[in-house]
Amino acid sequence: MKRNILLGVGFVLMLASLYLVFVYVSTERQMGIVQRIFYLMVPVAWLALLSFFIVFIGSIFYLVKRENKWDILAHSSAEVGVVFTTLALITGSIWAKPIWGVWWDWGTPRLTSTLILWFIYLTYFMVRSFAKEESQGARFAAVVGIVGFVDTPIIILATTLWRGMHPGPLIFQGGLAPDMLLTLLVSIAAFTVLYSILLIQRISMKSIEVEITRFKESGN
Amino acid sequence: MRFWRNVAAITWKDALAEMRTKEIASAVLVFTLLVIIIFNFAFGVNQEVVRLVASGMLWVTFAFAGVLALNRAFIVEKEEGCLEGLMVAPISREAIYVGKMLGSLFFILVIEAIALPVFAFFFNLNVFSLQLVVITILTTIGFVAVGTLFSALAVNTKAREMVLPILFLPIVIPIIISAVKASELALSGESWSSLTSWLQIIVAFDVIFLVVSFLVFAFVIEE
Amino acid sequence: MAKAGSVSQDYAIEIRELTKSFGHNRILRGINLEIKQGESIVIFGPNGAGKTTLIKVLATIITLSSGKVVIDGLDIKDRAEEVRRRIGVVTHQTFLYQNLTAYENLEFYSRIYDVPELKKRINEVMEMVGMISRLHQRVGTLSRGMQQRVTIARSLLHNPAIMLLDEPETGLDQQATSMLWDAMQTDGQKKRTLIFTTHNLERGFEVGERLLILDKGRIVYEGSRQVLDLSALEKAYKSNTMVSA
């Protein structure tokens, strides 16, 4: 029931943000039409961070309490997070091409730090497959989830400074026109709802998987 | 007090074994020299090019050498079940972490102390500056803080040695970036004040990961 | 709660509803056991029965999933370090560093166990296991049996009241085996509490006063040596481990 409400809200918000992005919002003067990808890029990047924050929290609770549900939360959030991180990398390069003339610019701190983050969370999954048994994999993944998240601000700081820029606020430097800000906020809300839907979906699937393996094993 | 006595016992035990066999130091040192030679052919001997890539070369070498040395740290503990021997002894898991960490820190610093002059010799660099020494020591602390944690994790997996670099390298990227930039400035004779922002990142990394690894270590070794 | 704690003092080890799972894999499924001071308990069971896991939980190497274990009146969950002081552990792995000499190995462990007058104690235990002549030889150069002798010496350093042994006879010859049991059973004056696992029914029957059979994470049989003979034990082992297999 709750899921249907969420689904409805998500659908309406998505439509609204599509309308805002493609019809309502005014085209940015310097960058032109490509700038509209900004309303996709920022929400997915924000969700990449949010999902890894959830991984971090889930991992801490898993290590302390050793309850499977926390691992399921962290693992599901990491899966959704990697998808959003990949999307952030793709939209980032699409944005970079017309602006700087190259698909990949190492001088873009946000893009490079997203790439590093993507690698860290790749190891989150790899360490599970390297583990000798499932619970060990969950434990090791939790360690990666914690260490990886703690590393994130340092990565952003170092890549920003490397470029010779000074780390500042991401988007809200004041320069955003009101219609752009509205579009961005609606878009962020739409994607956040999408994230929660995906997360809940993954969690319930994983919980069912756990149930099935438990039945299989008690059958033996 | 007891904590530090236990830490000292572990570090001393590692140092003693290493002084006897020189297994880690000799292997890693030869590796380091080979990397230097390969870099020489990869980038040519042009003094201009060397100046541009020197600090990058230095830290790529140290990062890989660090992986090699850190991998060994827990393999010796695993061989005859020694880690279990430590775990049944009246010693906190954290003391095991700090003891192993200090042992690795010591080996890697020794290796770097030998490798730096070799770099200087082959590439005609001025490595004998206090700045470079400080950068090297601080960055190595960050390496071993994370590396000791992941080394303990890696030996417990199926793939063992393969796992450490995959986990270790992405996490240490920010400190490598900072070390490369800071060394670049140091090698070109810049003042301390131009290094501060990089040194700040390195120190922040050290502190954060010493604390996090210290807290998380028990969960890595305890099933 | 305080009362329950003081009751446990009578037992060297008290295990209540102990379970241990690795993920969905339940290795120990509710173990209940009380062991008196000075009692020797032998645990038989086929491979994968959970013997090693049980020993490791008691040795505080692995954490328990649920239930309670009290050793010498101390809950192993919150007073693990004090528990570790009171137990000695010998397994088929030696816990010895191959590149250090026997003396250096024992010196290292003595420091960690806060053994007073460690030089004297090291000589004592090495004498006991008949390895004093090899004191300064590198462990890696010793034969498997000799290494196992050194590891017995290692387990005796802090003279623990409780010994946990998991297949301790690995690599030992006849003579060394009897030395092992002599050293394990008493500290010269007092009987130690002994828990050990073995595949060898005969040996287990010889040393253990109480005989347990573990299968699929449960204690499926319990008997006392006084009322059993070896053939009855063999029969019990077969019937209890075959049925469930």
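By letter and in written order, the chains are A, B and C; residue numbering begins at 1 in each of them.
One rule holds in what follows: a contact is a pair of C-beta atoms (placed from the backbone, for glycine too) under 8 Å apart; a residue touches a chain by one contact, two chains touch by 3 or more.
Treat the numbers as computed from the prediction; the structure is a model and nothing was measured.
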Is the C-beta contact count larger for B-C or for A-C?
B-C
Specify the chain most distant from chain B by Cα centroid.
C
Distance between chain centroids, defined by C-alpha means - chain A, chain B (Å):
31
So what's the Cα centroid distance for chain B and chain C, whole Å?
38
What's the distance between the Cα centroids of chain A and chain C, rounded to whole Å?
49
Counting only residues that touch at least 2 other chains, which ones in chain B make the list?
223
Using the touch definition from the top, which residues of chain C touch two or more other chains?
22, 63
Residues of chain A touching 2+ other chains?
135-136
Taking the touch rule as given, give the residues of chain A at its contact with chain C in the complex, in rising order.
66, 68, 133-136, 138, 210, 213-214, 217
Chain B to chain C touching residues, read off their complex
2, 5-6, 9, 12-13, 16-17, 20-21, 23, 76, 79-82, 84-92, 222-223
Chain A contact footprint on chain C (complex, rising order):
21-26, 63, 65
Could you pull out which chain B residues touch chain A in their complex?
146, 149, 153, 156-159, 162-163, 166-167, 170-171, 173-175, 177-178, 181, 197-198, 201, 204-205, 208-209, 212-213, 216, 219-220, 223
What does chain C use to touch chain B in their complex?
22, 56, 59-63, 81-82, 84-85, 87, 89, 91, 93-100, 104, 108-109, 111-114, 154
